[in-house]
Every structure is written in structure tokens, then in C-alpha cells.
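Alright, structures below, take your time with them.
Both complexes shown next keep subunit A, but they swap its partner, so subunit B is in the first and subunit C is in the second.
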Partner chain A sequence: MNVVDATDRTEKQDEAEAPSLLTIILDTNPHAWNLLADTLPLSKAVANLLVFINAHLAINHANRVAVLASHSERAEWLYPTPAHSQENGAAKGSHQDGEDVDMGEEGSSAGQGGPVQSPDDANKYRPFAHVEHAILTNLRRLMSTTTPESLSSTPATMIAGALTLALSYISKQSQSQPAANMTSQFNYSDPTSVAGGNELNPSDSSKHHAALGLSSRILILSVSGDLANQYIPIMNAIFACQRLDIPLDILKLAGDTVFLQQAADASGGIYMALDDAQARAGLLQYLMFAYLPDQGAREHLIVPGEGEGVDFRAACFCHRRIVDIGYVCSICLSIFCEPLADGTCLTCGSHLKLSGYGQRPAVVPKKKKKKKRALEAGGMETPGSEGGTPAPA
Partner chain B sequence: MADSDGEYPGSDDDIALGMNGAGPSGKAKDKSLASRPKGRAQAKWEAAASSNWELQEGADGSIEGLLGGLEEAGKRKRLLKDTTPLQRGIIRHTLLILDLSIAMTEKDLRPTRYLLTINYTIMFIREFFEQNPISQLGILGMRDGVAVRVSDMSGNPNDHINAVKTLRGQDPKGNPSLQNALEMARGSLYHTPSHGTREVVIVLGALLSSDPGDIHDTIKSCIKDRIRVSIIGLAAQMHICAEICRKTNSGDDNSYNVAVDEVDFQEILMSITTPPVVRATDTEAQKRNQAALLMMGFPSRIVEKAATLCACHGNLTRGGYLCSRCKAKVCNLPATCPTCDLTLILSTHLARSYHHLFPLRNWVEVPWTRARQKRSTQCFGCLAAFPSVPPADRESTGGAPGGRTRRAEGASESSRYECETCENHFCIDCDVFCHEAVHNCPGCQSSAHLPGAEGAEANGMDGEAMQA
Partner chain C sequence: MASTASQRALDYLEGLPGTTFTRLYQQPSTALAIFRRMLPHLAKTIVMAMLYMPEPLTANSLDAWVKPDADSVGVKDRALSILQRLRILEEEGRAYKLAAAFAKSLRMALTGGGNHRSFGVPCSTPDEKPVSVDYLDTFARKQWESILYYVVGSANTELAAAEDISAGTKQLLQKGSFVTIRGRAATITDTGFTFLLQEVNAQIWTLLIVYLEVSSELQMDPVDVLSFLFTLGSLELGTSYATTNLTPTQQQMLDDLTDFGLVYRRTPDSTRYYPTRLATTLTSDAPALPNSSLSSTTTTDITAGAPQTVSQQQNEKGYIIVETNYRLYAYTNSPLLISILSLFSNLQTRYPNLVTAKITKASVLSAINTGISSQQIIAYLTTHAHPVLRHATPILPPTVVDQIRLWQIEGERMTAWKGFLIKDVGSDKDYEKAVQYAEALGVLRKEFRAKGWFFVTRMDQMSGYFKSQNARRRQEAAAAAAAAGQEGGSSAT
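And then the complex of A and B:
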């Protein structure tokens, strides 16, 4: 009888809502939070975030959460707690080999919640207390280990690193999920997974599998602008998100980040900017109403940000300026904001000849003439443009 | 017969020529003999047949550790590619030529060669535009001894997919003609700009080619037009295919492959989606007619209250992209502005190709001694625990050949893989994931101070300068 009951129950559980993994990247750039201090201090934002996390955990008992801090010069895990950070927090050095083995065992438990012991509070749901304690402890440690020198060295934040860490964590978690969406997520690397050969398109199948397994999403709470120096890594991470069907939600509290808006647009996430103090005061409300529903629920909702324009400008490689007309090297696709002085690409060093239309202003009648000539020459474009080329050294 | 020995190689040659059925045999024979490669490399099926399955049991009689190692080694084998940044042809003009002849009805690939090819072609189109977003693709077919146009050169994957899907309703028939197909491909690629590549990919199921003239002339004109041909055979090796590939790829015969099964076919086809390496001769050709710095616009998307006409099609749309220079509205990207002729593109299209140009370095295997030195207990990326380091005294015996810790070639004995730049340790899954999907190193990106690099490489962009 028990056996029959048990099988019944597991079958029902299969139909239950799929668990979702929410990965939050908190931008803890001290410079930016300092500017926000009078309207929304970090402590208040973290308190709101904790309520949001609890709400997420409360929706489904199988829901999971991971939190990362993107600090000024490093990206760190806040939850789950990695083993090495505890090691750093404890007395350094003087570790025997035997102790190392112990650390390994602790590392395995870190996956579930971390070695940080939470105080037993009878009035609090245990998982909530657990997550809260871990996040606050790790955040405090992160702040206390930030030195003034490291702050003065860079005003930026390591969003790219935090994104990459989050993605590798998500990929591992969805692999270990029993629903086995291995084939969907790794068919690009594993040709045997489609050995039958009749799988038509990977993108459809991955959507199908994602509904069965762990559905993951990433929320970035961004406060700093100017991410242009991490352009390539951020773009790489965005494409990985796109490939794995992970929406990148962006909640921007301050700063001007063109790329994060592109990230949200490309991966199907939500982008919102809370620019004035009044909007920031309602942080929790924004979090709860816009970002709490997971992918499954969003199909039935009108999500904010739809039907708005998206800024698709790019950062040039030479001055990190944001441009809307750029000069692109046809060999390495580097973007430059102005024609290069000596005609040599800064990235790949190849000799570049500027075609005729680089000479500003472009005059339309001249264009037409050039086009005709190009046709006569049978596809050879360059002859007309040689006069305008800066002489290579 | 006394002279049978002398005749044998000659008759062999005749068979090869008979297959291509091209031209006066005497003339072709001279050429083929002149350009024949010196030694014959081992064919793929031979390698598979001769690989021996040495399963060595561990000291305690279990093969579990070894099998785990084999799996890891297999995963890693796919990763370990040359990561020297090479100049690649990012702006590609590719023509895919499908065999639609009677030979495609064979059922040696399931369900039939024809249907499988169509399915894989659709996957290929998607992946091609994923990897080469600013490239152009066109599809031709070989049927009834002539070349037919399946879809025109365009940068829109859906056009091609729809065209290929209509092929499902038709039946393959007649003979293929390599010469006709190549001539048509040459014609289609004639007007493509000189800064892009010109490639032809042929999927050939038949073991013959019925050509109207001398195919060697066609090969010569392909070489002159800088067209590179790669051929995927579905049946067996053919001399003429090897020759076409070798001659159009300046002596490199790696672009001719015969698929042994479905998986192999898919792998070969998908490998073509990676942008090709530009060779020195191509660079010279590019120098001769270089047009290398392109002006491009990166327009932003707008949404309008009321529908307006787009400049490209004249349709009423409620949104689109405004040309960065003249503010004309186009409805889809990438496009050329119909008013001012500026190339309009999404910067994300360009960014998609960067990982080909700035590849992530391979990570190295970590021996136990190094693992002990670094005290790594869990993967830096996904926080999964590593197997713990054995005590120093046991390690000396465990590390010996044939011992328990010995694993398959390519797998790390400690299950750790180290990025040499940031000196962090990762597990095999993160190794695969970071090299195949993200193309970022989690360690290098999350620290401003890297022990393995001297400051300059901290921001991945100008760290790895490309070799021209």
C-alpha cells in the first residue's frame, strides 16, 4: 500500500511547478553607493533584497537562490558561501594536510547553504534565517576586507566576473537537476546527445526541456555606470545567457549602462531604471511586482519594459566612448570612434584603407557615381577611394 | 601476365577518373598525377577500427575511476584546440550546395540521406548565423545534372530555412554535376566584396559527377576567384573531390571529409560554422584590394505611437531602427540604409564574433602536488567540491603508472583544471562550459589583480593583441 501511495505522490510531484533558481548579482561598488547614500543606503537596499529573496523561496519549496557581490575589484559569492572565504576569515596558514580534507567536506556542504552557522531563532522559518545570515555575514566580511587603496585604484565594478561565476554555477546546478536537461544545454558540446539525428532545432528542444528542469534567471542590481572596459566579457556572458535561455533582469538604481539594457533585451529579461529618489524609495515594490514572477509566469503577464526603445550603441575600442556611428576593422571587427590616424588597426595591427564613404560629410550624388563605377569595375570597390587614404608609414 | 603490375596503378587511376566522368582522360590524368599528395594519410574509419580498447583495471580491481577519466578526457578532447589568436574571415560569403540526386535516397543514414541532410541543413543555417551574424549565405542544389538555386544570398536565416523546408516535399532525382554547381556558385560569389571570404560547402551523396566540360578548368577559375571549397562526402572518398578541396585551399586537404555516420556528419557540418582561418596568400590578396575600415552605424530601436512607413519596404510599422546618420527608419537589422547607404548593424552582431578572435586559453591539468600547494577544495566557478587531496605519503605510490589514480589521457588526476592566468582551479564541467559557451574565465574576470599576468591583461579587451 505504501508503495502504491509513494508512486502516486511522485507522479503528482512531476506535474508540480518546476523549481527555479534565482541568481542575484548585487553591485556593491562603494563609490556608487556613496552617491546614493542619502536616498537609498546599501543597508536598506539589502534589507529589501532579503525580503524579496524570502518571497522567492516561499513560492515553491524547491526554489533556490544564489547571491553574488560584484565589488570594486573582485566578484565574490555571498550565498552559498564558498569554502575558501571561510578559510580566509579564519586564522590564515598553519593548516595541516588533515585539515585540508576537512575543508573538502565542508565545501560539499557549502553547496546547500554553507558552513556559516546561523543562530537558531524559533520565530523565523529556518531557510530564511539561513540565507539571511549567510548573506549578511559575507557582505560584512567583504566590506571589512575592502581597503582604501583598493578603492582608490578603480571606480568600476566586476559585473563580467560576477556574471560568469553565476553562469557557471547555474550550468552546474541545472546539470545536476534530476530532470536531466543535459541534452538541451550541452548539445553544442556533446554531439552524441543527438545521436538519433532527428532533433530538428536545438532552440526549440531547449525551451521544452527548460520547462521540465530547473529554470534559472539572473537579476542584476546595478548602481555603477561605465562598464565599457569589460565590453567583450559582458557580451560573451550575454550570448551565453541567450543560448541557455536564461533571462537577465536588470534593475538599475543609478549610473548609465548601455550594455545592461542590451543584455536584458537580448536575453528576454526585464530592464527597469529607477532614476529618481521617489522611485528608489519603492525598491521593494518594484522587486516584488516586476521581478518575482519566473519565466513560466511571465508568459501570462504583461511585463514592464516591453514596447520601449532600446539603446543599441556600442563602445569604441580606442577611447571607450559610446558611439552610434563607428569605423569597423573588417579583419578583427574592432570598433573605432574616428578614422585611424596612421591607418593601422589598434587591435590587430593590419593596414586599413578607408573606403570612400569614410570622408565626411557624405554627399549623395557622389555616392551614386561611385556605385556605378564600382559596377563597371566588377565588384572592385577601392579604386575610387585611394586619394583619401592617409599614407601608411 | 607479365606487365600486370605496371598496369595496376594505371587502372586504378582510370577508376578514379571514371567516377568524375570529366574531360579527356589523358589530360586529366597528367594533372592528377602531378598534384597527387606524397603519402596517404590514414582514413578516419581506419583509425576507428584500429583503436584498441585497453581497459586497465585499477589496483583494487575497479574500473570506475578509469571510466570517469575516459569521460572527462572525451569532454576535454573537444575543448583542446589551438588557442593562438588567428586572423579569421569574419565577414563570410558562403554557398551551401546540397546533392539532390538519386543517390540521396539511400537509407544508410537514418531516415534517408536526403531527409537527414535537410534536417542538418536547417541546424547548420541557424548555427551559421549565430556564429557569423554579419555573413551571407546562399543555398544551391544539384539535381538532374544541373545546378538549381534553392535560396539566394542573404543574411536572413528564415529565408533559407523556409526554402530548405520546401525541399522536403520534393524527391531527389537524376545525377549531380559538380562542375555546374561550382560554376553557378562562382557566378553568385562574383559580386561579393573583396574584404569578405568566398566559400563553397558541398554535401555530396553520389559517387559520380556528370559534367558538361572539363571540371579542371572550373577548378582553376575557382582558384583565381579566391573561392574555397569544402566537401562533405556521405558515401566514400572520391579523387576529384579531394583534388577540388586541395587545390582551392592552397594544398590543404583537411576540408574534404567523408562522414562515417550521422553524428560524424553533424560534427563535420557544424565545424564549418566556425570562421575560417585566413591564410597568408589571402592576406596578400586582401592587401592588393584592401577596403578594410568600414563605416557602420549602430542604430537604437524606437517604438512609435503611430505607425509610419519604413524606408526599406514601405510597410507601415510601429517601430524600428533609425539610421544613425540620416534618421531614415528601417525595420530590420542588419541592413544597408536605403537613403544614405550606411551599413546598419547591431553592435551585438559584431560582439558575437569576438570570441573567435580573442579565444579563451586552454586550462591545464593539475597534478596532486599543485593541488596541495594551492589548497583548492572546490571549483572556483560552480562551488562543487573536488576530491580531497591524498596525504603526501600515499601519493607517491598512487601516482605511479598503473596505480589507482591513473586516468585516461587528457584528464587531470586531481579532477582540477587550472587557468594559468588567474591560477584558480575549476572542475571539468566548468572547463567545458567556459570554453564552449561563455568564452570567459570566471577567475580572470572576477579579480582585478591576476597573479599570472602582469597587469596589462586585466581587462580582456586589449590584453590579447591579435597577430596580423
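And then the complex of A and C:
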């Protein structure tokens, strides 16, 4: 029974939801986009992405956005515009870890329209115009500074670098966000304890996520396939996301990226692959329907991709091969595709001993056999092949 | 988001006829502002998902999208209810679609383009003497505080002569019954007290809604007025805009809005106007009047992540420390804030930058007698709590908060709700279903199970529900009758 009593009125909650920061990593790998040119050219994808960004900004006044380009040999900020990119944007080397973008300064300068000034247009909401203009200008600059030599040197994309940049940006932003908002503080005196009132008011249910400060998520728009050579940094970024509760949403337009699927799975994000041309034509609808809801809304929605099989294969640390079964260092859990040459782990340097590979497990171990290094033990891959193992990369 | 400020605007909008909505939604800026300000979070998600959908979304697919637990379904039903009340969502059989005008305008707001000029026309030529954001803030604060002074001043006579406000504003305050004229002096009413204790943003909306109500009496078109207000909310602080594109009604509004401090014009016939922070935060949750430091962070500064904004946000509100022994320390020297505090506490000592006070039963009861609720006092103390208190959860000492509530409850044993009593629903099953539906909508107040009655606060959607139930029953009855007829026919042959 509902009890109409005076304590009811204390529950009028301010249900303002937490602002959310959306970091988008756009894979701008020219090789991959070239393959997609007839079904979904980059310009069209970017146009769709801009509408998506505006929709995100429209949802809440405090919502923020950051956009990164994961280019073929470097990761680059598209929005907000880094402060020093005008001076040495072109001179930046291929070493993506070396650039230390001073986001503190830059945040304020981009907001006031510092580096890139957008045209005045009475038919466009000004914040949208600022963001769009900055992204397009920076993307154009990125494309014009790409040299043929740098393109031919690598067919891959710098997802790991972009992820790292995104994470550092998110952590900086969430620190600058004032921590507790007052709305969540009201439930200390539970109405039931005051007057024995029975509360059945359903408006109470959604208060718990108001306690969050800034909820962040990352969306990767991926077009490139093979990322095995960046396995370690990607996995580190994924674990960081997992720990920080940042969902990694993946929208894959082309290529086969095992690790990104794992990333979405591990961090609680959404993974979808638009493999055929028809699905790609509906890019905007996919974005608006599946990727726009933030953490608050996802609590109430069934997100796509749940319950699908995830490929959990890993890449080895020595040759970046993707392996089903490998060797794992017992100290640091590094993965290797074949036994190591001198029994020293490439990552942590521990001395490892491998014995009796391929032998059937015996209840009583034969101590004598140990010395013979199991050469004749099994016919398959054995430590005998150690001559072929190259030195650590 | 359902904060108090937008709740006010929402209540007003709901009262408008459907045709007004269609005209309102012609402006992309209005569509965007209503979308951003009035809708609960899930409703926004649903609207965005449907925005580029070529076909109506069937109710079944929507149900499949939302998690099946009771909590989520309740949130969904409430979202749909608000969307329908604002005429954003239309029901077509068993499917939903967005209102065409709204969808078109929102799409245009997202993509830009068109020639609606609803986001304000900036002046093409730069001002010879540009007006700084600091100046605008000072101007807005001066104008707005003088209005508050007028309202408070009518309670404390020694403050009355602080500032004078225009005759039009005074009339407006009387119309909204914030003050009543007794003899020659204005006296504050309980609505006025409620008004004072609100946040600045809610205060503005409260006043603007009175303005809207008055404006329709003055033959001003409410659509014109509303869409101009929403346009103001989307303008950029520190930029000057041209008055040439405005309709005569809107030109007329500029004068009144200058009195409120929402708009700055150098001279009353200037062709350019500057929106102040009071105006640009109309459709957002950002604090409208920076309290201590006049900062230059624009409201459009989406990337505001620099460390200095943090300290500002802490300064912006928060000067009150409440202790568990009911003592209250307020770091302020503003007569306005002090007189607001004196509404519900006993002032004790005043230092150059600090006032000490004590919350007593007598002071709280006298506040309650003048029409202030305990909830308002607590909300005021919470929103203006000093940063030192903000580190703790809960912010205010629970003993004090509970005691303030108890003092109010002591005198109030009854609450009155306006609403509708529904009886004779039909079978027990029908009754059960109807009650569940009402509860999901959040309109159920009380049920009298033994009598088969229940009481709701809103009727429009319940009547829709009963209509559809009736229609279904009739259909089923018809189908059953047809089936029975056939059976009868076959047995006869």
C-alpha cells in the first residue's frame, strides 16, 4: 500500500545526469580508406561522424568531446586543437610517444576559438560550428602533411598511440572535474527510517549514477586490420580502461581486428562490424542508435553485441604472431610463440627452464630425463628449434 | 533533466495548445533547447535513435531495446510520457514516430544549413568599443540583484532603498504575486520567499514564465517570445548580435530583458545587443551568476578543463558552513545574502567578511509560517555550502537536516494533492493492470485496494490507456462473437 505521508516530498530529486566525455579515435589510415573508397569515402564518414558528435553535444550542455586521428605513422589530435600544432605540426616525427601535448593550456585556448576561428553563421549553433571547423581544419592539415614516403613505409595505423593519448586526456579531464555533485548527497535520511513511511515511489530508482563526476568513454572507428605488432601497448591501454571503468566502443568498418574485439569485451563496450556495403551506408544510424547512449542510458538499454563469441587469441611478444597455444613466462606472464633461445624471458629477464615439452604427464617424474632436454620426447615443436629463434626485437 | 528550473518551464509548455508546439518547433534553436533542457536522459537517447530512422519505431522494438526489469521499464514509460506531453512523439497504431516539425528542426540544428537564422545573427561589423565579459557579468549581476533586493527589501525595510528597478519589473513582480502592495510599500509574499531561495537559473525561469503569461495579455505572441528566449540561450557570451532580424515583439522584449539583466544594450535604440550570462545559461545547468570571481569562461567553452575553472566552480557557489550544533557561518558581506539567511536563522555576529548565525526551532518555524518549506531551506544550504563542507558526504550534518525536516513535519499532518479518483475499473485483473500502468508512469498517489479505487495526479495518459483498453476489449469481444457465430453455424449444418 502506498502511504501518503509528509516524508514523501523529500524525494524530489534533481535528476541531472553526469556530463560525459566522448573520445573518438578515427582511424585515418590512408591505405585502408583507399580500399573503402567506393562504398564509404572518408569524407562521407567524417560528415556522419560530425552529426554524431553534434548529437552527443546536444544531449547535455556539459558534454564534451575529443577527437584523435590514428594516422599511419603517428597519432594526432583533431579536437581540441593542440596549442603547438601550428608551429611544428608538420615537423613532428614518427615517434608518437615523444610528443607531450600540453592539454591544460590548450583546453582554454581552443574553447575561446584560439587557433582555429570558425565562420559566423546564424543558422548553426555556435559550439557545433566551432567543433566542426576545428576537426575539419586539423584533418585537412593532417592529410596535407602526409608524405608519400611515410605512407609507403608502413601500412598500419597508430591505434596504440592514439589510445594512450586518449587515456591521458581523459584522466586529466576527470581530475579537473569537481568530484562530488550535490545531488547524490540527499539519501542519508531514508524516509522509511524517519516516519515508518513505506516508499513505493519509482522515481527513487535512478539516483545512484548521479554520483559520478565525469563519465568517459572511447569510440574507435577502425578500418585497419593487422595490429599484432602493437599488441602489448594496446593490451596495456585496455587494462587501463578496464580499471578506470571506461568502455571502449568499437565500430569496425573493415579489416579484422582481434584485439579490438577483446578490448570492447574486457571494458564493457560495444563491438560491431559493418562488413558489407549496405551496412556501411547506414553508418549514421548505427552511430546514433548503438553508440550514442552513454553509461547512464546503457543501464536501461540492451546494448548490441552482448553474448557474441569473442576471439580471445593473443599475439606473442617475440614475433607478434597471433597464437592459439603459446608459452607463458611464469614470472611476468609474457607470451611467446616458441621456446626461448637461452631460457631468458625477453620481457622480465627471468631465467626459465623448459623441460619435457610434449611429454605425457607422469605421476612419478623421472629425474634422469631432465638433462636430456626432451629432444627425443615429442616430434612436434621442441626446444631443439632454438637455433632458429631470432634475437629479441 | 528534471531540475526545478526546467520543471517550471515544462509545466508551462504543457499547458500550450498543440498548434503552438508545431509553430514553436519550426525553429531549430527551440527544438534543440527543448531537447536539451526538458527531456529526461533516456528520452533524449530515444529521440536521437529515431531521428534518422526512415520508418516509425514499433512499440515492440522499443520494448525489446529496453531492459525488461521493472526499473528500466518505468524509466522508459516516463520518458515516453514526457515526449508525448511535449508533442515530440506521436503514436501511430502500435508504433511511434517523431513529430515531423520537431524532427526536421532538430536535424537542421545538428547539421546546420537552412535559412532560419534562429541561432542569432552576429553583428557584421565589430563594435568600436567592445564590451568585455567582465562588464557583462557585472551588469547582469547588478540588474538581477536589484530585483532580488526589491523583493527582499520589502521584507526588511532598512534594505529597501538599496536599488531601484523599473516600473515594468515592479508590475511583473506583483503579477507573479512575489510581492503585494499594502498601502504604498510592497510586502513580500510566500511565493516571493520561495522565489528568493531558488537558484538563479530557476529564479529567471520563474520570472520569465510570469512574463510569458503577462505577454499574452499584452497581445504579444507567446511563440515569438518563447523562441526568442530559446534563441538567447544558444547565443555566445561576449559577442554582439544585430537587432535588425528581430520581429517587433522581440524588439519590444529587448527592453524588458535589459531591465532583467539578460541582455545588455548600450542605448535603448542601439542596433546591437549583447546577451549576458543570465541569458546564455537559460538552457543549461551552468551557474548563471559567478558569485565571487568574475571569470571569463564562456558557457560555450566545452573544453573547459583547465585547472583554473575548477577553483572558479568552487568559488562560484558556497559560502555557508553548517555545524552539527546548528551554528551557521557564512562568508559573505552582501546584504542580500545576509537578509536571505535571516529569513530562517538567528543572526548573531557580523564581521567584515563573516556572519555567524544559529538555526533554531523558532527561526525555522517562523520561516515555515511565512511559506518557506524545510526542503527549500535545506536545498539552499546545500547548494551554497562552503567547499570545505563539500568534501564530506553528506554535505550538511544529518542531524541538522533531519531536525529541520522534523520541525516542519511537526506542524503538518496532512498533505493535499490535486488529482483524479478512478473507480469501477472492472475486474480485479483490469484493476491490477491499470494500477501498474499508473505506477510506471509515476502518477499513482494512493490506492484503495479494498474498494477497487485508486488516485492519480494526472489523467490525460490514463484516459488514453483506458480508451485503448476498451478498444481492445471490444475487438476481442467482436472476434469472440465472430468465432462463436462460426461455430454455431458449423454445428447447425
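We take it that the second predicted complex is superposed on the first by the 258 of 393 C-alpha atoms of A that agree within 3 Å, B and C clash if a C-alpha of one lies under 4 Å from a C-alpha of the other, contacts with A are read in each partner's own complex, and residues count from 1 in each chain.
Everything below uses one rule, namely that contacts are C-beta pairs under 8 Å (C-beta built on N, C-alpha and C of every residue); 3 or more make two chains touch, one makes a residue touch a chain.
Just so it is clear, the structure is predicted and the values come from calculations on it, not from any experiment.
Enquirer: Between subunit B (first) and subunit C (second), which does A:172 come into contact with in this model arrangement: first, second, both, or neither?
Expert: Once the two structures are laid over each other on A, A:172 reaches both partners.
Enquirer: Per the contact definition in the header, classify A:142: touching subunit B only (first), subunit C only (second), both, or neither.
Expert: Touch partners of A:142: none, neither subunit B nor subunit C.
Enquirer: Does the superposition put A:130 against subunit B (first), subunit C (second), both, or neither?
Expert: In the superposition, A:130 touches subunit C alone.
Enquirer: With the two structures laid over each other on chain A, which partner does A:151 touch: subunit B (first), subunit C (second), both, or neither?
Expert: A:151 contacts neither subunit B nor subunit C.
Enquirer: Using the superposition described at the top, determine whether subunit B or subunit C touches more residues of subunit A.
Expert: The partner that reaches more residues of subunit A in the superposed model: B.
Enquirer: Examine A:337 and indicate which partner it touches, taking first as subunit B and second as subunit C; both and neither are also allowed.
Expert: neither
Enquirer: Mind working out whether A:348 is in touch with subunit B, subunit C, both or neither, as first, second, both or neither?
Expert: A:348 sits against subunit B, while subunit C stays out of touch.
Enquirer: Of the partners subunit B and subunit C, which touch A:279 in the superposed model: first, second, both, neither?
Expert: neither
Enquirer: Contacts for A:80 in the overlay, against subunit B (first) and subunit C (second): which applies, first, second, both or neither?
Expert: So A:80 meets both subunit B and subunit C here.
Enquirer: Indicate the residue numbers of subunit A shared between its subunit B interface and its subunit C interface, in ascending order.
Expert: Comparing the two interfaces on subunit A, one with subunit B and one with subunit C, the shared residues are 80, 103-108, 110-111, 172-173, 186, 188-189, 194-195, 200-203.
Enquirer: Quick check on the complex: what are the subunit C residues that touch subunit A?
Expert: My answer: residues 1-4, 28-29, 32, 35-36, 40-42, 44-45, 48-49, 51-53, 64-67, 71-72, 74-76, 106, 108-122, 234-236, 245, 283-286, 297-310, 313-314, 373, 375, 382-383, 385, 390-391, 393-396, 398, 401-402, 405-406, 408-409, 412-413, 415, 417, 439-440, 442, 444-447, 449.
Enquirer: If you look only at subunit A, which of its residues touch subunit C in the complex?
Expert: Residue list for subunit A touching subunit C: 1-2, 4-10, 12, 14-17, 51, 54-55, 57-65, 80, 103-108, 110-112, 120-132, 172-173, 176-178, 180, 182, 184-186, 188-189, 194-195, 200-203, 205-206, 284-285, 288-289, 292-293, 296-297, 299-302.
Enquirer: Under the stated contact criterion, what part of subunit B meets subunit A in this complex?
Expert: 75, 78, 87, 90-91, 109-111, 116, 119-120, 122-123, 126, 190-196, 262-263, 265-267, 270, 278, 287, 289-303, 319, 321, 324-325, 340-342, 346-348, 350-355, 357-358, 372, 375-389, 391-392, 426-427, 429-430, 432-434, 436-442, 444-449, 459-462, 465-468
Enquirer: Over in the complex, which subunit A residues touch subunit B? Could you list them?
Expert: Per the touch definition, subunit A meets subunit B at residues 72-77, 80, 82-84, 87, 95, 97-98, 100-101, 103-108, 110-111, 150, 153-154, 158, 160-165, 167-169, 171-173, 175, 186, 188-192, 194-198, 200-203, 229-233, 235-240, 243-244, 262, 265-266, 307-314, 317, 323-333, 335-336, 339-340, 343, 345-355, 357-358, 362, 364, 367, 371, 378-382, 385.
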